[in-house]
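What follows is a set of structures to go through.
The following pair of complexes shares a single chain, chain A, combined with chain B in the former and chain C in the latter.
Entry: the complex of A and B
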């Protein structure tokens, strides 16, 4: 897009020297999140309850794992993966079918992850071999994928009292069981990205692909790896989704998409690629997941939720654009 | 394609052939003719009967209007994803005010001004702050959908049937819906503006290379703000037409319209990732081709989901053509 040149010139001059930065983003997010919690708590004392904590962490789980996948695509310069809904529904269907066949939970999880990785690899194949922009490729594969899924099934649900069903309703240390894998994944990815060779390569490709190429990093292999791994995260998110969503249809994941993109941008993971800290996802996703519950306590209808989320996203990208323009990442 | 952005000149004998096969309106014209031919042979002459074209035309009025206006945003290099929700918001506001007993003309003006305000917010975020257009207008898409749903209230539908408006929108000329012909005329006017006027060339120049355009003394920011405002104006107009056609506004109105319209526009030669390419005629042909495909499947009683599969494949083919034509290769 025509504004990217400006952003690219603002990218760090030494691309392989990865910025850990963005703690300012973290403090700001934390402040806004606390403000929301305190404001709601003052308005309605009963907001500050274990019930609210359960609701927020429950929402965070699926969104958080999807946001890791989206963040990986964004940080490596792939911009956005718009096909996450189709990928997730396909992997969820795989999870449902496997658990209907009586498979143990481990097999269900592996099956869903493989399905997700396969989808990611398919996107990557089109992106790499046809040299097309991922935004349009994933827009098209989402179109095609959801249409095919609608032809395949109308409604699916994990069998009652199957292992995955139990997992979706279990709790651990007072929080939903599905929250913990999300927390672990965000912490691990956030730890590994700036500290391992492969993580730094991915960030370098996103920051300045010409420089990355000059350093001998294969752009094609990196794209393939990133899309496949990001697909794997979507696959795992599908397990959490299928475990908790109840009956779902091919359109059920559409509403998640924007929340995830908003989460990634708010976390300071630049859509232009090359910078971001995955740990921030905990704050941004936490903040976004608190909004629905907060609004309920303020007595506002669930429709107003999208108004807030939409304007928060606009403000976040405006700040993101402003920073890139001023060259202070 | 007539553009002043001067596509990179490649020397070679195959240049002319390449131009014929990959020119922006050329490829969509071939697709469009292919769709008509398939319809003619598979469905029979009734595919092109006045009755059938009239049905297609009725459904095409809103996409054609929305596409003609939002094409300017694409051309200037800022994609506006909020058009679908803008249509929803416009139809909801229009229906609400009509149901409160407002006069249609005043309501239309108020609705359009409201849409322009939200288009202005897009412009401030994108042009003023340098926000990424896809992400910023995605935010507006969500926000406006929320606002539309709040306006529609707990019922989710507002009935605002007005017999005068309905009669106006249903007028026929030569056996076709009058407003379908108006929308086609609008497309032609837009195409003339793009290719024949100074303003149109400025829009193309800004989309093609904003730095070069700025050096040439064109106000890049001014053009982009105007393009975003036009885009929201067109979507507002589309919403009003919907409300008049249906006599109501509902939660599903305009849902997903942005992807349908942009997929068709991209099939028609526009690009949502770089400005300066595409032509309103090509975009309209893209919309007609997609409508033709869905009409054929409809008449053959085939599941409408196949339309999305075909649209997705056409979309990939179109962007591949765009790249061959000189679009940025992605690495």
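Entry: the complex of A and C
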């Protein structure tokens, strides 16, 4: 009888990250999200209902589109755009004024996107041409923007029964109508970023400036374009926000910021730039949007979500730093 | 000789503005100066309007007026109190939604000998001008109760409270008062039907939490909503619309912010007007003007025995159609004889 040593028959050890082909972040997120859903569903079976699905997907819609914009800034090495709240409120105000003027939804959307892009271009001009720190610049433009907005208006709301109001309450295939554009945008951006010249340029600029420059990529133009396009996504998110929020004021978007940044980091989009998969935003934003709903089913106030989000953000930043040190995707 | 003449002329010339300046200072010191600290919470347009009305009334009286914003922040509110002292204000009015700093503000003002009026949130060292929030809550709750009784025979599936914990005791008085008022009309609603969510008094901010609450009560159809203010109540109404459950939702708010104009949500069936933007009429008429005239009124700091009492005005949505929007109300208020309140001018349900 011969005994074959186990060491001879065992498959060669393959690092987990190689076996998962870079999808480890996604699988981890999916597992944690499913765990949350199963745990809440076991605690209260009515959690697994269409109403819960609606509540979560409504929340995902606005946060998801904002996270695309934030992700674009991050992946291109811009770190974080802290002026998203002011940009979104400005674009929402544009959407309200256009809908008050009786403009069709398409015009409202275009107007809001242009407003967002203009804001993004303003940030870009300061960051790129004055060579200032984007975090400080966007923090400052957010302060300035909110203060000016407060001088301009205190409350705004799209007219009841306007097209945009109906859009905010419509559903398609059992999910909110505002959810589908977010889904489409995440899928498209996730598809295009690594597969198009412009997408790869953005990632290259964020990953290694010197190498990107050596390849003839204009750092200034790329950054300018990214900030402007990211502003456009904020502009579109503002349409979804204005369609659903009801009356809003200049401070109404401030609470979204933490969720968006957490969503981007959890999705594995590096704040240092150069790495990230936008499809993961669906999982990270979905997970983060499910937490407050689950808390309510567990009998806790959804107000306590900030505690969980804070911890998750710390863990996500720690993982991001660990990834950067290890050079893992 | 010529040089000395020139010097003398120069000294005289330079003295003129100095003398004029001293005269100006003396005049400014004689002039009554009113300080106003507005709440500075971006949630509500009446906060800014409170300052606008106070400024207009102070100018009518010929007083100097200094306005600062508390930025809805206790530390800023305290700093503002110190600035009013440095500015030489003779009296101060404040709305401080973050009341934690009130005792410190009170101490600063007491040390400087400056009387201070507080709106709606009482402090032992300040003249109280404001509404009886509990009475306003109960009045609103009873208004909603009548509709719940008529529509659902006092048998709703759920009674939702849109809380705003940041407002502290005011939230407890208003939102709790509304539950009490509803209970006065419909005493047999079981306790387990009363649920609440944190709206932060803001329709947009409270919306996700409102959706979550509705998702956690999927079988509830007949839903009555009360809350700290109209904004919080609207958060739940909007959430119900988005989840396809608004058919049987009725809400009654507080503050009247969203019950006037041509964009009123049909599920908001009533509110309680305080006409917050016009509080300065009460403060100036009953406290500040007597002080300016040297007749300092006794300190009445208790909400139950206030220096000046603002009357709540509960209205149904139908009745509110006769009430102009805030900008128009302010315009008419400032054109009215001194001391006339918005309650006198606009409340369709005068008690």
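The working rule: the second predicted complex is superposed on the first by the 306 of 329 C-alpha atoms of A that agree within 3 Å, B and C clash if a C-alpha of one lies under 4 Å from a C-alpha of the other, contacts with A are read in each partner's own complex, and residues count from 1 in each chain.
Note that a contact is a pair of C-beta atoms (placed from the backbone, for glycine too) under 8 Å apart; a residue touches a chain by one contact, two chains touch by 3 or more.
Everything numeric here is computed off the predicted structure, so don't read it as measured data.
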item	value
First (chain B), second (chain C), both or neither touched by A:322	first
Dominant toucher of chain A (residue count), chain B or chain C	B
Chain B versus chain C as contact partner of A:30, first or second or both or neither	neither
Partner chain in contact with A:118 - chain B first, chain C second, else both or neither	neither
First, second, both or neither for A:154, with chain B first and chain C second	second
Touching partner for A:183 - first (chain B), second (chain C), both, neither	neither
Chain B versus chain C as contact partner of A:258, first or second or both or neither	first
Chain B versus chain C as contact partner of A:134, first or second or both or neither	first
Partner chain(s) touched by A:48 [first = chain B, second = chain C, both, neither]	neither
Chain A positions touched by chain B in one structure and by chain C in the second	146, 150, 301, 303
Contact footprint of chain A on chain B as seen in their complex	77-79, 121, 124-126, 128-136, 138-147, 149-150, 154, 206-207, 210-211, 259, 263, 266, 272-275, 303, 305-309, 311-313, 315-316, 319-320, 323, 328-331
Residue ranges of chain A touching chain B (in the complex, touch as defined)	1-3, 5-6, 79-80, 126-127, 130-137, 139-141, 143-144, 146-148, 150-151, 209, 213, 219-220, 258, 261-262, 265, 271-272, 301, 303-314, 316-322, 324-325
Chain C residues touching chain A - in the complex, by the definition given at the top	41-45, 48, 165, 197-198, 202-205, 207-209, 211-216, 218, 231, 234-235, 237-238, 241-244, 257-258, 263-266
Sites on chain A touched by chain C in the complex	44, 46-47, 49, 51-52, 54-55, 58-59, 146, 150, 154-155, 157, 159-160, 168-169, 171, 176, 241, 244-253, 255, 292-293, 295-297, 301-303
